Every structure is written in C-alpha cells, then in structure tokens.
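What follows is a set of structures for review.
The same subunit A turns up in both complexes below, where it pairs with subunit B and then with subunit C.
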Partner chain A sequence: MKLTKTLMTTSALTVAAAAAFAASHGNMAGSMTLVSWGGAYQNSQTKAYAEPYMANNPGVSMTWDESSAEAVAKLRAMNEAGNITWDLVDVEAADAIRLCDEGLAMEIDHDEVLAAAPDGSSASDDFGDSIISDCFIPQIVFSTTVGYRTDLVGATPPTDICALFDLETYPGKRSLNKRPIANVEWALLCDGVPKDEIYEVLATPEGQDRALAKLGTIKDQVVWWSAGAETPQLLADGEVVMGSTYNGRLFSAIAEQNQPIGMLWDAQMLDYDGWIIPEGLPEDRLARVMDFLKFATDTQRLADQAAYISYGPARASSAPLVGTHAELGIEMAPHMPTDPANSQNVFVTQYDFWADYRDDLDAKFQSWLAQ
Partner chain B sequence: MSTLKGSGPQTFDGPTPDDALHEAAALQGRDTEPRHGKGKAAPMLAADGTPLKKSLRRALRAQKMRALLLIAPLLIFILVAFIAPIVDMLFRSVENEIVADTMPRTVVALRDYDADSGEVPGDAVFEAAYYDVFIAAERKLHTRLGTRLNYEQTGVSSLFRKSGRGLDDIGEVYQDQFKDLDGDWDKARPWAELMGDPEWIADQEAWDKDKDGSMPRFRLAEGISDLLPRTAEHYRIFARFAQVEEGDSPLKEEPWTAVHTALYQDLAEVDVSSYTGPGAERLKAADALVASPGFKTVNFKEAFAEIDRGWTEPAIWQTIRLYSPKYTSGYFLNAVDMEKTVDGIGMRDENERIYGLLFKRTMFMSLVITGSCILLGYPIAYLLSNLPVRTANLLMILVLLPFWTSLLVRTSAWKIMLQQQGVINDTLVWLGLVADDARLVMINNQLGTIIAMTHILLPFMILPMYSVMSTIPPYYVRAAKSLGATNWTTFWRVYFPQSVPGIGAGSILVFILAIGYYITPAIVGGTTGTFISNRIAYHISSSLNWGLAAALGTILLAAVLILYWAYDRIVGIDNVKLGG
Partner chain C sequence: MAIESQAIKRPAPFAAGVVGAAGGFLGIFVGASNGSVLLGILVGFVLAAAAAFVAMQVLDEGMERPFKWGLLGLITVGGVLLGGLPGLILGAIFGWLFGWFIYWVGMGRYRVPLPPYLTAGQVLWHYSFRMLCGVIFVFLITPILVVMPLSFNAQDFFTFTPEMLAFDPAGYSLKHYKDFFTSTEWQGALRNSLIIAPLATILSVSFGTLAAIGLSSEHVPFRRAIMAILISPMIVPLIISAAGMYFFYSRIGLQGTLLGVVLAHAALGIPFVIITVTATLVGFDRSLTRAAANMGADPVTTFFRVQMPLILPGVISGGLFAFITSFDEVVVVIFVGSANQQTLPWQMFTGLREQISPTILAVATILVGISICLLTVVEMLRRRSERLRGMSPG
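Up next is the complex of A and B:
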C-alpha cells in the first residue's frame, strides 16, 4: 500500500515536472543527440553553436555522436528498425542528397525554418547555391586541395594543380584520396581537357579511361588515403612531398602545428557540409531541433564557427563577420576557401554527376587500383 | 561430419539422460536375449504397469524439456540477435522487390515488350510509367528506385530524379483546362462528392481527430469505377495516400494532377451521358470539352522524351524489365564480376573486374598469415609450456599484452615502424645496409598487411597451441629418448603429433578472423593489400549497395564453410582442441 502510494506520488511529481518543463519550453524535448565528425570540426560546432545555445537554454542537454562518416548507413538501419535515436546529423552534401533520395531525411522549407539574414533577405537567398537539396541545411564550405612540403619541393614551390603529375620537377611520393572524386577531375584538367568540358568527357568510357591513364603516370608514386588526417601526417613525416586533403586539415598543420607545409588553392574542389534532420522524429524532439537549428545557422553563429576552423560559412551574410582565430589571433578570412584570392580557379562538386556515375566510376577506379 | 558422432554426449564423463536410456536398453537386452531372443520377450514393466522403456522415456523427456528451458534464454537471444539479422542481411543478396513494388503497372506493361528488339516500347508502357513514377514521386520513392537501378545502369539515378519533378507538367495541362471550364475541378470537396461513397463522406465529416483515432477508410461511390475506371483508381490511391501517409482528409485536399490525367483518358473513351450522380452536369461539360477540337492533350512518350532523352533509349526499359522480378541473381553475378544483359549472362569488362581478384587475394593472404602465425607461434607456445611457471607467466603476459592495446594503436604503430621514413628504414640506413634513396617499401602493400595482421592475430594462434601443449605429458618425450630416439625423432614422431590439435584450432581461429578483417588492411594495405571485406565495408557504409555487400558476404561465408568442411574431411574436426 505504502509502496503504491510512493510510486504514485513519484509519478505524479514526474508528470508535474515534465509538464512544467514542457510549459517553459513550449513542448520541446530536453535533450538532443547530435551527430558530427569528431575532432577539430566538432569542437568548432560545440564552441560556436552548442555552448551558446545551452547558455541560453539551461536544462537542455546535448549528446554528441561521432558517426557522420557512417551516417547514411546507420540512418538507414535505424529507419528499418523503426527507432531513430539521432536528432540532428552533420553530413556532406552528397550524403544529404542520398538521405533525401532515400526518404531518410526530412524535407524542410528553408525560409520558414531558418533565420533571415540581418539585412532582411530570406534564408534561401542568403544560403544561395549551397542549398543543394530540400533536406540540406548548409553550414560550411570546405575544399579538397593539395598541400606540399616546403623543404622538399626545391626552389620553385608548386603553384598549380598539375604539379601533382609532374614527377620531374617534383619527384617523390604523393598522397591522394582512395576515391575517384577530385582525382579524376584533376587528371583530366592536367591532361589538357578544358575545365568546362571535364564532366562531359568524364561521362564517356573513353574519358574515364583517359583520366585513369593520366593517374597511371604517377600510380606507383601514390600513397592512397582514406581518412582526411592521413595526408597531414604523411607530409609531417616526410613520407610524401605533396598530397590532397581538406583545407582545414592543412590549415591546422600549417598554422597550429607550424609544420613546413605549404598549400595550393588552385583547382580546389569545393563542397558543402551541413545538417539534416532525420525523418520521423516525434513532435517534441522535432520542436527542439528546429529551435536549435534556427539559432545554430544564423549569420552570427556561422561566422563564429570560422574562429575555430578554416572552413567558410555557407551564408553570404556571414562572410564579412568572420574574425580572428580564437587562440592564434590571426585573421581567418584569407584562409577561407571562399576568399576571393583563393577561389580564382575552383571546381564545385557536381552532385548530379556523381550520383549517376559514382557506382560505375568507383568500380573502374577500384579495379584499376587493384591491378 | 561423421567423426562428430564419436564425440557425442555419451563420451562425457558425467551421466547424461541418454546414458540411462542406453542402460535401460542394455538391461532389457541382457535379461531377455540369452534365453528367448529379442522378439518374444515380455517388456519390463514399471510400477504403474507401463513398459519401463516408455515410462523412462517420458521421465527423460521432461528432463530434456527442463534442460531446454534452461538454455532457452540464450538460445532465443542468439536466434533473435545473431542468426536472424544475419539471415535477413544475407537475404538481401537476392531480394529485389523494390522495382515491382514501385512500378507495378510498368512491370506488367513491359511483359509483352521484346527487350531484344532494340526498340522503345509502346505508348501503353509510357502511360503505365507515368502513373507509376508520379505516385512514386508523391511517396518519395522514385529516387530510391533510381539509386537501385543505377547499380545496373549508369545514369538512371538522375533520370528518375528529374522525372519525378517533370511529370507534374503532364497532369497540369489537363488540370488547367478542366479548371478553366469549371473551378470545381480544382477543389477538394466536389471531387470527393463525385468519387466518394456518400456514407463515407458523412463518416469522414463526423470524424474527429482527437476522439475517433484513425480516419474512416475511403470508399468509392457505387458504379463510379465502372464509369470512370482510371479516374476512380487514381482518386482512390490519392485519397488513401492523403488519409494514411499525410493524415489529411480527402474532403479538404484537392487531388493530385494524375487524377486529372486519368479523367481525361476516361472521358476520351467512355460515354457519361447516362450518369446522374453528384456532379453529373460538371462531368458532362468536361466530356464535351474533351471532345472539342481545341482540347490540348499530351503524348506520354513525347512528354517523357522532353524530360530526359534517356527515356527514349531502349536501355532503360531493358533494365527495368530485366530487374522486375522480385528476386534477382544480379547481385551475385556482380559479386563474381559478371553481369546480366539482354544478351544473357556474361563477364564484365576487363577494367571493371575486381571481386574475383579480391576473393583470391583474401584467401591467399589469409593462408599466408595463418602459415606465418604457425611458424612464429609454435616455438613460443612450446617455450611457454616447457619453461618454469614464473618465466612462463611473464612470457604469457607479453603474449597477452597486445590484447589490451587498441587495434588501431597497434596498426598505426606498424605504420611508424615500416614506413619509408620509419624506424626500420632509418635504422637500416644508419647501419649503411640500405642506401638513403633506396629505402625499402614495406607498407601500403601486401607485405605490410601480412606483417601487421600476423602480429595482431598471433595470440589467437599461441593460446590454443599452448593449452594443448601444456597437457602433453613430459614422460612421453623422456620415454622416447630413453628408448634411443634422437631429438628430432622424438619431436617429430612423439611430441609434434600430440600438438597437432592445437595447431588445428589455432589455424581455424586465425584463418577465419583473417578472412573477415578489414580495419588493418584498410590502414596498411595500400592498394595491393586490401581484402574483400574492405569492399563489403565500402558497400555497407559508403555506396549503400547492401544487396551487393550481402552477396559478397554470402560468398565469403560459403567459402569459409567449404574450407571448414574440407578441414573436417582431411584432418578431422575432433582433432581440434582449444584446451586440455
């Protein structure tokens, strides 16, 4: 009898507490699970978005899951199991398209969900081209580009991308991504294909063979990487003289770790990274996610993030607000892939092309690698 | 597995239920056989009058049930959490329902299509495809199907994505014309009254979200599907979709444009003059409009061609037709570097073949790794089992130490050791054994994988060997020597045969672990040292081609089982011991 009474009082209290929490938070869940990439990038998100948000909303707790690399597969599995445990997932643009295609990510109305720019222009105008899918809420622009050892490339450091294929001037090993993307574009560019015809050429079997043949000229000098951290490490060890990786990784090797590394901005491959909301969240969790999203993707927050990592904010209105590095105090704007001085010759990843040709090109690429 | 029978429950030391049964049988035999022979013997009876054998069996059955109940939680756990997911995953290697589920009409319409003809199918197929892709797009399934078919034909992914958006235009042509004639054609309520059963309309109106739970299921008005078959079908699909997927009342939602297309098609064919139900006037006016010469129509084939030229090529229709059955061998063919085309099954292009090579490489390298583990592990296990306990314990800790270190740390350590600017190369250059510009390449190739994996898997070889060797009585060796055998003969004829079960157990463990390894080969394997599991991991987490991953996994599993069977035939599985 006593036990029942205690139980009932406790549950009544719990219900009352939950109701009070709901009332003060407009029926929003009190906790969120965010998925990101870990490392310096996740740290920049924690500092720029999550900590200020939690300061404004005491009582909300956030859990981070470092699973972005497997996000698509895991979301698919969660969806099949009927139990979505994630609230907000950070993915690359190409993965966002796939999640949207598979119906695993929620389609949103960007103007309705996201904050407008300070000058009043709508979110979709402010984000512009970076909204590559109805499910995608962009955060940053990053690029895949090439870094080199300043002390191993002789008197004339490389200035253009074709240095990758120039074994005479720059002998030594190179590290390249173990996926075709970026590699095949650079190969064709350096094989004399005009930049605006590259994807046309790459769509033909002859063009694909041509790209692989060009890569074949340096094949025995290439170390293939599968994680972005590998190239900076290989450069630091002197294992390779140059290699491709993400621009933020190179920035941290150069500016934060003072390694003898220089970087090329020529023919950098621009790409976006951002949030998606898993499809099928319960109402209270969705309400919390929406509230967080509006805050975390506003102009100031995106500009703040650039103080911790050298990736460009996806909003046009954030660019003028980019300040200095949080610890080193250096100006961050010149280290952004979107800086006018850096973006004179850029590739913008062609998502439609890769959605169509990924399977085909990957099979050829892997078969070529294995032989 | 005939040899397994020898190691059945009756060889256990303790008594088992079966022992009692055998004893009972033996007892019965002994009592009866010598005098009368088997047939005539009167069965022994228990106290209650039933034959002893029967009552014993009944008692044992209860005992067995109890034993089964005791292991039931574990058994059910293994079935639910281990066997079932594996079976489910493997099943994906043949499952292909998505095509027939997403494009049911097209699949039927394509049955008569001669895929070899090299021609584009007729209008009926395009009509079916219009409705299928339209509905799939509303349900957001068209891009999923596009991804699936893109595995078989490059370019299908964007074809479906574009078409999902573009097909709205076809229906809008009709919708606009009907709307211009009468605004009611674009309103929810008049449509519902024309198509819906009056009783359902009343139910739906009375429905209250908070009180009644799910909506009253949409019902078509009587006779409407005889009069306007296509319109009725597509309105019903729309109404059910609104109710179930969107949670909206069809009374408040205007139908999607495919319904207008269907209405045009129906009116062009049937006579509605006898219809007197709700909206009869509107319907007759629309009928007249359709019959009028100024009425704009859209040809499905041309509309598809306008969205993307890809639809006018036979390839896409051949692919859909080829992959329309609910089960496919496509993934398995792909997993052995073959493909299904209109001309039949054939090998893939030379420059797309990869899996055969990887399977062979995985098998070969796993064997090499197992072999080097035996060579390295045998002396250590021998030492461990023959040294004084204190020294042996110290050595044992060294063997176990890698188990307590993260796999990634161990693998990365090998990277530092083996790379060209690494510890070993630096030492060799310093010693002058290797020139500075000719440093050895020991990593990012097969050698790197073999070295790192041998190191990582070595404990799995040493431990079973050690546990077998420590039970070999030392006096056998002493006896052999005292009888005049040389050291070698003693080892080879006396000691080694007794240690074979340990080698067997260790080899099976190491080989099976090696064959499915993917983290270490991914880090140190470069391009020539990667395994088939690296491709499986890629298809699971990156390309999302789970069907192909499942097919590769099934083949790998089958290969392991065949090897296990062969091992059993050649060596005998009861020669495997994990311990004394």
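Up next is the complex of A and C:
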C-alpha cells in the first residue's frame, strides 16, 4: 500500500519537525511572559505599557498568560516543580501579601527599582499607602461597587448602598460576590453600625452573625457571582435589578456598551492591583523584567492606562495627567474611583483584618450560603 | 394480502381531550414568556380543545381544508398581536401544527401506519416512545442551537436583545466573528490547536495501533497488566494525570513546550486507539498473516499490505477520538502548556471566566460547524469503504 507508506513517512517527518519546532521555541532571548486578567484590563496594560516598551526595545517580545485568577496556586506549583515560567505577575493586593508571606514573590526596594515622580519625590512617597507589601508594585486602584438597571428601579434610582437591602423600594434579584469581603461590611453599615466601628464588630463572632443575619434578609433574592463579568451580564439580561462588581466593568457596560445601567459610588470598596516578581528568576530574566517594570510603572504610563479603563492610577503624581478615553474621547477623571466626587464615602480594604479573619469568615460565609 | 389499518373517525370529546392536552403543553412556554405559566396551560388547553371539538363535532369532514386555513390564519393573527414578527412565525407554525394534529387525532389517521391488531395501549406506547425520543433530542440539541443566533449578537453580552427578537438587522452583527479572525490571541490559539491536535493524533494512532497489535498476540507476557496501564489515562481523573504530568514534565524540561503538550495529548489519545483497534482485531483472521508469511512476505510488508487495510476502520475511528480529545482538552494543557501553547479550549475557558464575550459563541459555532463536517466526511468514507468491500448493500 503506497498510501499507507506515504502516510507513515509524513507522520514521522511531522513528528521530527514538531520536535525541532518545539526546541527552537524554548525561551528565546528577549522574551517575557506576563500574567494578567485578560479582557479590557489586559488590553489597557498592553496599550499603555507593553506596546510603547516594545517600540523602544525591538528585541523584546511579550507573551500574555491570562492566569491571574489562579496565580497563587500556579506559583506554588511552579515553585515546587522548580520551574518558574512566569516573569511578571499581576495580582490583587491580598494575593500579593500571601505570595510575599510564602516567599513566592520577590521583595524589592521600591525606591531603587521604580522611577521617581517627575517632581523628584521618591517612588515610595508617590505610591504612598498603596505599597501594602514589600513585594507589591501597585498599578491601579479599583473598587467593588453597585450597578443597577435604570429602567427597573422605578422613578427614584438608588443613591446609597443600603438600597441593596431595601426589597420594598427596589424589589427584584441582586447579584453579590460569593465571598464575604465587601458584603459583610455593607451589611453591617446598613444594619446601623457606625462606619468606623465596622471592623471591630466584624472581629467578634456576634458581629459576624449580625452581618450574615442582615444578608439573610435578602438571601433568597441574591444571585451569587464568582467572576467579575457576571454582574454586567446579569444586568444586561435584566435578570437582576442591581448587583456588585468592579467599577471598570460597570463603566464599560455603561459608556462603551450603552446599557441602561447606572452605578453607585457610595460605600465603594477600594482595593489595589499590581505586579509581583516571582522569587527565583535567573539573572538575565530578572534584569529584563526590572527594566520593563521601571518603565511600566512610571508616572506617565500609569496615567496613560486610564485612557483605556476606568481604574485610578496608583501613583499620586499620575492623577493630574489622566486624560480622555482612547476611543470615546470622554474625560476619564470623573470615572475614577479615586476622584474626590466619587470618594465621599469609601471603604479601603483592610488587609490586616482580612489576613487575620479571612479563613474564619470564608468558612462561616460558605456554610451560611449552603444552609 | 396484507390487511391495511383503516382510519376511523373518533368521538369528538376524545379528540378535544388529546388536542387540548397538547395545547396546554405548548401553553406552558407561551405562558412562561408572558408571565404566567398556569394561565398559559389553561388558555392553551381551552383554545385547543375548543378548536378540536368544533372541527370534529360541528364541521363536516369535507370542511377540512377551509378549517385548517382558518385556524392557521386565526392563530397567526393572535401571534402577531401577542409577539410581533416572532409571534407571526411561531403562530403560523402552531396553526399549521394544530390543524394537522386535530385531523390526525380526530379522524383516527394515527392508526394507518400501524398493524391493525395493535391494542389501544400499544398504539399509545408506539407514539409516546417516539415523543420521548424527540424530547430527548430537543433536550440535547437546544443548548447548542441557542448558542448560534447569540453569536450574531450586536452587543457584547449573552443576551437576546429586543432588536434580535424582532428580527431587526441592527440587532445582528458579525463583529464577534471578525474579532475571532482578527485577534492575535484567538488566531494564535487556533494555530496552536491545529498544530497540537494532528501531531498528537498521529502519535496516538501510531503507538496505539502497534500496542493493540502487540497486546492481541498471545505470547506477550503480562498482557492484561500492560493493557491496564496503557488505558489508565482514560480512567484516572484528568486533573490527577494533569498534575502528575506537570511535575514530571517540569523536571525533564518538557513543561511549557509544544512537544510536552503533544506528548501529553498523545498519552490521552492512545487508550481510544487501543480500544477501537483491539475491537477490530477480534474479527481479524490470523491465518491471513500466516499465509502472507508463507508466501515470503516479511512482517512489515504483512502489516502494511494485509493487516493494516483490514483494521483501518478501527484505526480511523480511534484516530478521530484521539483528535477530538486533543482538540477539546483544557485541563492538561493548562498544566503542561505555557502561555505560548494556549489552545482554543484554553482561550475559551479563560474567556468565559473573565469576559463572557460572545466571541466565545462565535468560536463555538464555528467549531460545531467543523465537527459536523468532519463527522459527515468520516461517516461517508466509512460507508464508501463498506460498500467497496461489499459489507452492506447499497
């Protein structure tokens, strides 16, 4: 059978070719693997940092891995296997703290590694409170906040966070994060706990039960989400009348997709997102990453990023440079969670509190969910 | 001479009851989309039963044609009033269906294709069985069908917008297809999938066929144990194989390489090939290889010219399974691959988790199309080869 012979020969050839192809595609000089969240956020990083950097450094190529959601687990596995394939990883602040504690992320001297502000003040002054860990290089401030369907909330759209718990004025389903963070703070606030005492109350078992009891008043009306894209989808479908999600997702649904959605800034939960460098990178890769990092977190780059997504730059010196949306041309400053008009009443995520109580509260919350 | 079943007119209340039940069933869906399921059932039952009763009791058999047209018109107009253009189409379909159904039941036409000696219970079972099969098909197919129109959504959500439901062209767009064909991420994923799946298939087919032939000859020691080990990737939970491969491949430098992903997928595909080829080897007559050897052919020639052509159907279907396994696989590639080897399923998985973008639906629609074409081609080839070998008439 001639046909079979030809088939066998070609298959042998393709296998050999594949082996050669695979060998030549191993870590070639000047390539970097960046880990991020995908979607509009990763797009903003590509446009604001990666493309300008590659234009200046034609020898460097970048590969994006959309694995930030499981970054902690993957970095643990890489560390155990002794095979670190990532060069720079975008994570939420809480994950950065965990990675730093476990020795999976590299501690850095922010003033030495990062560029100073244009006025000469040091990087650590410029980033200020957003440096929540020695391993963490902040990029943006984002917030978890509430969006609502403008056509389903009647004549008086909600203005404060307690609308979430007001089933009489705003009947219908709500979508909330399937984790306690933000939910329990809002529950206590709306149950009459003064804002500055919330974390004290939440540290006690009675306070935790009180928060869950308040959430229990709307439990049968809640759709629980686990990915940030779910609430905009549910709002667009009209499946829920209001729901919590990240402010950038709401901006995108409102301004870019023209959905009948409005948003609350009241009691928004501010949090940081930024880079960490995996511990144990070889010398040449580390040098490459450091060079990119210095460029990607300077004042202008962080301000540029705001043209693509409505998250606030983590540097104080970037705020005045925030311009207009890259496609829509609208001013972006009023859509930043850090804008003074939006930050009248904010929560800043209490990393120390959550580091101590996260496991307990998570377990309690999950068993409450299952009841 | 065969005795033919006759269509005998049934009593009007019987027709009214059966048609009413069908009306009530459809009423569930109409009712659900208009707010009240219970009301839908009730109204559906009453309307359908009344129509059947009128047709059977009041009108004559000669009035069948005018009655059917009248019903079609009435329900269509009702549909337009309730739901605009989509209501028109649904109304026309319902109207035609009920016109036919009323006379089919009322005139006893359902008896015609069946043998005359069947009891009423057997007739009922005959049609309920068919209904059941139909319902199962609908249940299996609907999720796939729903995806297709949604992929033409002009918005970036998984939502049937009012424009789409009104068949307004502005509600539809090809932008998600455009996104798929122009985005470097999706194109890279497509390219990786198209490189990895065929290579993994070739490897699994070559090794799997050889293993099956070896394991089916009787003088090989520990055949059962070897077989069990070889097909274990099919039995062990995927996540465990994946984690094991990850740590093993990391140590030997294969993690994050194209070769590593190809080898991992080949390991997953081999069990399918072994099983299908072993099954065809059962029907293979060993005396043919002895005859070939007797005539001076060496084992390799015997394999390619005698054995291979006869077991080819098993090899091909095993290869198809191996291909689909690799092409659909997401768990192992996430572990063994790195960002350079992102395949289509990986891209769809992360896309669904982070974005919920209809681009995924566009890709899914394209993949469904490709799968249908692939299966059709394979089925046609199989029939052709059976016909050529005289295994089936026609």
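Rule of thumb we're sticking to: the second predicted complex is superposed on the first by the 342 of 371 C-alpha atoms of A that agree within 3 Å, B and C clash if a C-alpha of one lies under 4 Å from a C-alpha of the other, contacts with A are read in each partner's own complex, and residues count from 1 in each chain.
Heads up, the rule we're going with is that contacts are C-beta pairs under 8 Å (C-beta built on N, C-alpha and C of every residue); 3 or more make two chains touch, one makes a residue touch a chain.
All figures in this text were calculated on a predicted structure; none of them were measured in a lab.
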item: Contacts of A:D237 with subunit B and subunit C, given as first, second, both or neither; value: both
item: Partner chain(s) touched by A:A213 [first = subunit B, second = subunit C, both, neither]; value: neither
item: First (subunit B), second (subunit C), both or neither touched by A:K364; value: first
item: Partner chain(s) touched by A:L328 [first = subunit B, second = subunit C, both, neither]; value: neither
item: Which superposed partner A:W37 touches (first subunit B, second subunit C, both, neither); value: second
item: Touching partner for A:A69 - first (subunit B), second (subunit C), both, neither; value: both
item: Residues of subunit A contacting subunit B in one complex and subunit C in the other; value: 69, 237
item: Subunit B-facing residues of subunit A, complex; value: 69-70, 72-73, 76, 98, 100-103, 173, 178, 209, 212, 223-224, 226, 237-239, 352, 355-360, 362-364, 366-371
item: Contact footprint of subunit A on subunit C as seen in their complex; value: 155-159, 185, 195, 198-199, 202-203, 206, 243, 246-247, 250-251, 255-260, 262, 304-305, 308-309, 338-340, 342, 350-351, 353-357
item: Touching residues (chain side subunit B, partner subunit A) in the complex; value: 140-141, 143-144, 146-147, 150-151, 154-158, 161, 351-354, 357-358, 419-422, 444, 522, 526-528, 530, 535, 540-546
item: Interface residues, subunit A side, partner subunit C - complex; value: 1, 4-5, 8, 11, 14-15, 18-19, 21-23, 25-26, 33, 35, 37-39, 63-67, 69, 77-78, 80-83, 85, 227-230, 232-233, 236-237, 257, 259
